[in-house]
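Paired with chain B in one complex and with chain C in the other, chain A is shared by the two complexes that follow.
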Partner chain A sequence: MRKGRVDKDEVSRLSVDVLSRLQDLTGDPYSYARAWKGRTGGKVMGFYCHYAPEEIIHAAGALPVRITGENRVISDSGAHLQSYCCSLARTGLDMALGGDLDVLDGTVFVHTCDTMQRLSDIWRLDAGFDAHFDVVLPGRMEGDSSREYLYQELGSFRDRTGEYLGPVDDEALKRSIGIHNRNRVLLEEMYRLRRQDPGVLPSDEVLMVVAASAIMDKEEHNALLEELLGTLETRLSGGGPPPQSSLCKGEEKEEKIRLFGIGSVMDQWEFLRMVEDAGGTIVDDDFCTGHRCAGAVAPEGPDPIESITARIWDGALCPCKHAMSRDRAGYLLERITGSGAKGVLFFQFKFCEPHAFDYPHVKKALDEHGIPSLHLEIEQGSVSIPRLRTRVEALLETMRGA
Partner chain B sequence: MTVAGVDIGSNTAKAVIMDNGDILATSLIMTGHQSRLAGRRALDLALREAGLEEGDIALIVATGYGRLTTDFTDQKVTEITCHAKGAHSVQPEARTVIDLGGQDSKVIAVGENGKVVDFVMNDKCAAGTGRFLEVMAAALEIELDNMGEVSLESESPASISSVCTVFAESEVVSRVAEGTNKMDIVAGIHQAIASRIYAMTVRVPFKEKVIMTGGVARNIGVVRALEKRLETSLVVPEMPQHMGALGAAIIAEERAGA
Partner chain C sequence: MVAEEGRKLYLKIDATDRMKQLMTEYYIDAKGAEGTDRPICWITSGGPVEFLIAMDVIPIYPENHGAMCGASKMGVQLAEVAEGLGFSGDLCSYARLDIGSAITHGGPIGGLPRPDFLLCCNNICGTVQKWYEELARYFEVPMFLMDTPFIHKTTYEHATEYVRKQCLELVAFLEEQTGREFSLERFAEVAMLSVEGIELWKEVLKTAEHRPSPLTCFDAFIHMALIVTLRGTPEVVEYYRLLKGEMEKRIENGISAVPEEKHRLIWDNIPIWFEMRNLGQLFARNNTCLVADTYTTAWAIDIKIDDPLTSMADAYTGIYLNISIDLMFEKLLALIERFSADGVVMHSNRSCKPYSLGQYDLARMVTERTGKPVLMIEADMTDSRAYSEAQVRDRVEAFIESFP
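And now, the complex of A and B:
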């Protein structure tokens, strides 16, 4: 072994360990919560949306766990939700009614789209959890009155959860904000390293890392991220082997085409692996289980609720939210260009109205800038990889000028 | 230099053998349940027709939904790229390809160079595909190959509102029970397909000339209904089912020569 170089096997093993842990976590997210509960005796709070103020839940000593539905055949929820609701809502409710989320003590719903708001009502009446909270965000994320309203709503959430989870004082909340900020900074760093060289970690693993941040205790996740980033930096400085994770297969024949992903929840690992296998890689994204969880931190100050308000207010806009002064197409174009992506994959849930409304506007902007894109519509539970593969390969062939 | 293109579709497998731009031989067989074997058999048939052996072939390119499972081909290219390539070779002025195959339908925008500019694909439902027509032919006890001609005799096509294969079949059964003429029902089915494909075509959006490929292009009734709906005439190549395999062979030639 040459001096200054890390043992090849050592780096691979490290990586495989971290990643196999991530696979276990994302494959069965609620086992972690059960173990955590057994260990700490704390409460577990489910939430659907990345706008949920996790810091407040965390500061109260509870574990916030994100619900992202799953690939399953709908049974119980069919009696409550029409088939024109997205599969995220339908499979999530099905899990709740079927007892698969019994580790949860309560749930926090953030008002984003109509389906989520109605789902919250059904959930409160039928899912049978101890606690239920709504955080009603403003639809329009601009103007002083909207911002003041958001501040009040977050303060009210702190009070309401306090009654159930126990009161949250400013110091505990500030500490929590620090931990969550650290997480966002570390996630952003992972994205930055990937933009520098996408070969450092395949896209399915990047999104698994982000997904794990909404499953695990944040401090534990921060430690995992620090370990992972160390590995990535070693790889980038030429010290480590090419990415040899347990999930990567085949050898690189030619440089992968950089793509940018747009959508809400992205937890279709097999799909992401297929994209990598077909010669593409999602180098950066705007998934709400992806880059939207990274970056924007809560500015630390005397009033922690003001800090969280600022984070949500200034952070990436979800298509559910509106601000005349912040054009999403312009924002996305900037991100796409900055990431070096040459094409875009829209990966959307069927019946997701906010994303569907957003699509023509964003697509038009991409066309005007000569950025090729592909619109894929899926439903959890009926994702057919070979079908999607033909489309993805055709896009990549087009981009290679076949 | 001799090359081959093999297109393993959901319904049929096709092969085209080319030598310096000339088609030496073609084949077409039913895919059946073993798509890998079907591709092999289609290639062997074409080789026999050409009086060649596999060793004479410089490069084999596979396409179609069975492309990924083949082990005898050198490269794999999607049917979207191959149909554009094949259609461009027979009609260089074509800017839109409508490919209606056994189990999916595609509309492809093609550039002046025969390369794909954009595409939409429907593989979630059987509406507008060969499979849809097979189900309808069975419900009406009519030969699949006769559907086109029969429908041209209709003067007042029946209204078939559903494009879902299952619902359309029950609608067809209702029309039969009402005593509607067979020719009118078939013409109604073709109109329903045309409406469905029209919706996809405007999404690309389509430019003239429009070329139609895939097995459904052999149904003159669908071709006429689509022409009426699109308000343009369609180019139907001599062997519409072979356009994918032809495109694959052309790509094989380009790559083998490169």
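And now, the complex of A and C:
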């Protein structure tokens, strides 16, 4: 339900408006793109991975829109991808083949895992979009030659997309970098305020805010974030009522147990609400649709491709990327401790090799530090909330007892 | 229909004894080197082993060992060790059993000798990158990742340059690890032997163009061990000369690998190691020879002696598993034509996503372009738990019966 324009003084209603808007957006992510296209006549480019250089697409006047699959029963993609392929690829391809992504003019695939690499081929051969681009990022994210290659590949992508979307000049790209940097700074600020007091906004809404940033115009999203942050700051200083969807029950409001989320795509809103209901909250995360989209900004300088290179190079690492000098368990431990989380939720896709390979190593480190954790493996389209609830409750109970 | 009598279904290749001897010597030598000052490096099957040979480093291939464990039907018990440690049963079974073997020293040869360092090349998959990271943590040894950008449509100059630079980084890494100096002359010598070995291996495979074929892909799967593990050495050259001679003699004497070859097929994907013997006999009984495959040809790379570094960068980047489905299709099509095949058998391998995802599209492309049928077999290269022998037998027989 969309609300009308709200008086600026009514802080609590403003947040309700923002959040209901987010729910509309994330519930039907492509209707925004359709409206945007109708309004601007611009091109819409889909992408799967948070490493996609959105700035370049944006600077060419197109709208980058993230694809994260959805909870659906597979029909068409079963003829292209085996059942031992992750549901992110299977449901996404199913959407493309079924016409659900018709708003897209093209797709940008970024090299991450073996599955995305082959999905790109199949998508290009079968999905029938006008344009298809691959950004073959290095697998190794350390060493000068890898960084140089990353720079070259981004430049090559800029030239290749330019042929389709129209040339991207330095000034336009610098402007886009500024807008995207602003977005990352604001998202980071949201995460900071939440670490300060997780009660200020429930985790499903936090991740919805991040998800919205990947499907809507960034400047519009920046405005939305500024509004939202204003509300959160008022709440933190005790100036407004608590958020609408994390209703506290009378006076007996108990502090929620702080958890840290580890995984790739996290857009299972019902799951996140269940965790909140069960008395936990994901106070911080390493999801690639979460905190990995915030933080690292592109240092602004004379060469915009160098700026984007630096952002990707120094930013959070996906388990698909290799850098022995950046131990993932050590990195996560630091993040977990810094967030004040007392436990960890691994929320991972079945058949996701990069995450599954890292799990025993990370789990061992958590055990050594006495941090309890729960490993959940899901497939989009067959997420059973009651079954997951039992396991989440068991974790929270253990933690309360400890 | 079914040929049982007349001649044995499987005709032993005489050269096999020599190969077994070479492989045994290689493993005994490598295991003996553990704890001495002779450096041992674990390397992926698509890795540039020529650098190791040129630096007198002993190369060890966990994938070759994985195939051995699979063929000895020890894959499952070793994989279960890793699964007990939290490694998902959906992960590559080579990786699982290798981790299990590293911990327990299990397997047909009592495990592999401990590595001093690791060389991983992601031209075959991203899996090896994660698998070797785990090995690096477990053994607490350094790892070098040779990063070969995937080719979707064309090779870009900056990608070739990146891999070429990494060849130089690899040299520096090896110099640091071994305390030895890299010699370009020695490297050129090794590259030359490698090329010679590869050429002979290609000629061995080429003998299967003859109708009837003197060898099947099941033979090739066994005899590829040396081109994978020891290319760049004189023994490999000598061995494939021997094998090639034997195959040519078979052709001269009218001896075929399958007693009555009526149908000729191409195999796609890694073998089902634990089921090789049964599958070989199943096809032979049904008068069908698997004359070529996309797997053993993956080691038929081109290296140019006048510029070994650049040509190696191109060769290692351009291998079969590092190219897009449409580029793979061209290679598959060429195999079908060259070997006069009547169809294709695809092993949809749960363990290998870069090899298997896309097979459904490839199968359609093959049939659309050539009118030839494709059979899909669901299995795993070493994990027999997901395999149904009866179902596969029925499907294979029904497939072959459909041929005129």
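Assume the second predicted complex is superposed on the first by the 383 of 402 C-alpha atoms of A that agree within 3 Å, B and C clash if a C-alpha of one lies under 4 Å from a C-alpha of the other, contacts with A are read in each partner's own complex, and residues count from 1 in each chain.
By definition in this document, contacts are C-beta pairs under 8 Å (C-beta built on N, C-alpha and C of every residue); 3 or more make two chains touch, one makes a residue touch a chain.
Since the structure is predicted, the reported quantities are computational estimates derived from the model, not experimental observations.
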| item | value |
| --- | --- |
| Which superposed partner A:E70 touches (first chain B, second chain C, both, neither) | neither |
| Which of chain B and chain C A:S145 touches, first, second, both or neither | second |
| Comparing the two partners chain B and chain C, which touches a greater set of residues in chain A | C |
| First (chain B), second (chain C), both or neither touched by A:S156 | second |
| Touched partner set for A:Y84, first chain B, second chain C, both or neither | second |
| Touching partner for A:D314 - first (chain B), second (chain C), both, neither | neither |
| First, second, both or neither for A:C113, with chain B first and chain C second | second |
| Touching partner for A:I122 - first (chain B), second (chain C), both, neither | second |
| Where chain A meets both chain C and chain B, residue numbers | none |
| Residues of chain C defined as touching chain A within the complex | 85-88, 90-92, 95, 122, 125-127, 129-131, 133-134, 136-137, 142-143, 145, 147, 149-150, 152-153, 156, 158-159, 161-162, 165-166, 169, 324-326, 348, 350, 353-354, 356-361, 378 |
| Interfacial residue positions of chain A with respect to chain B in the complex | 372, 386-387, 389-391, 393-394, 397-398, 401-402 |
| Chain C-touching residues of chain A, taken from the complex the two chains share | 79-82, 84-85, 111-115, 117-122, 124-126, 134, 136, 138-140, 143, 145-146, 148-149, 152-153, 156, 319-320, 322, 324, 350-351, 353-354, 356-361, 363, 377 |
| Contacting residues of chain B [partner chain A, same complex] | 65, 68, 77-81, 115-119, 121, 123-124, 251 |
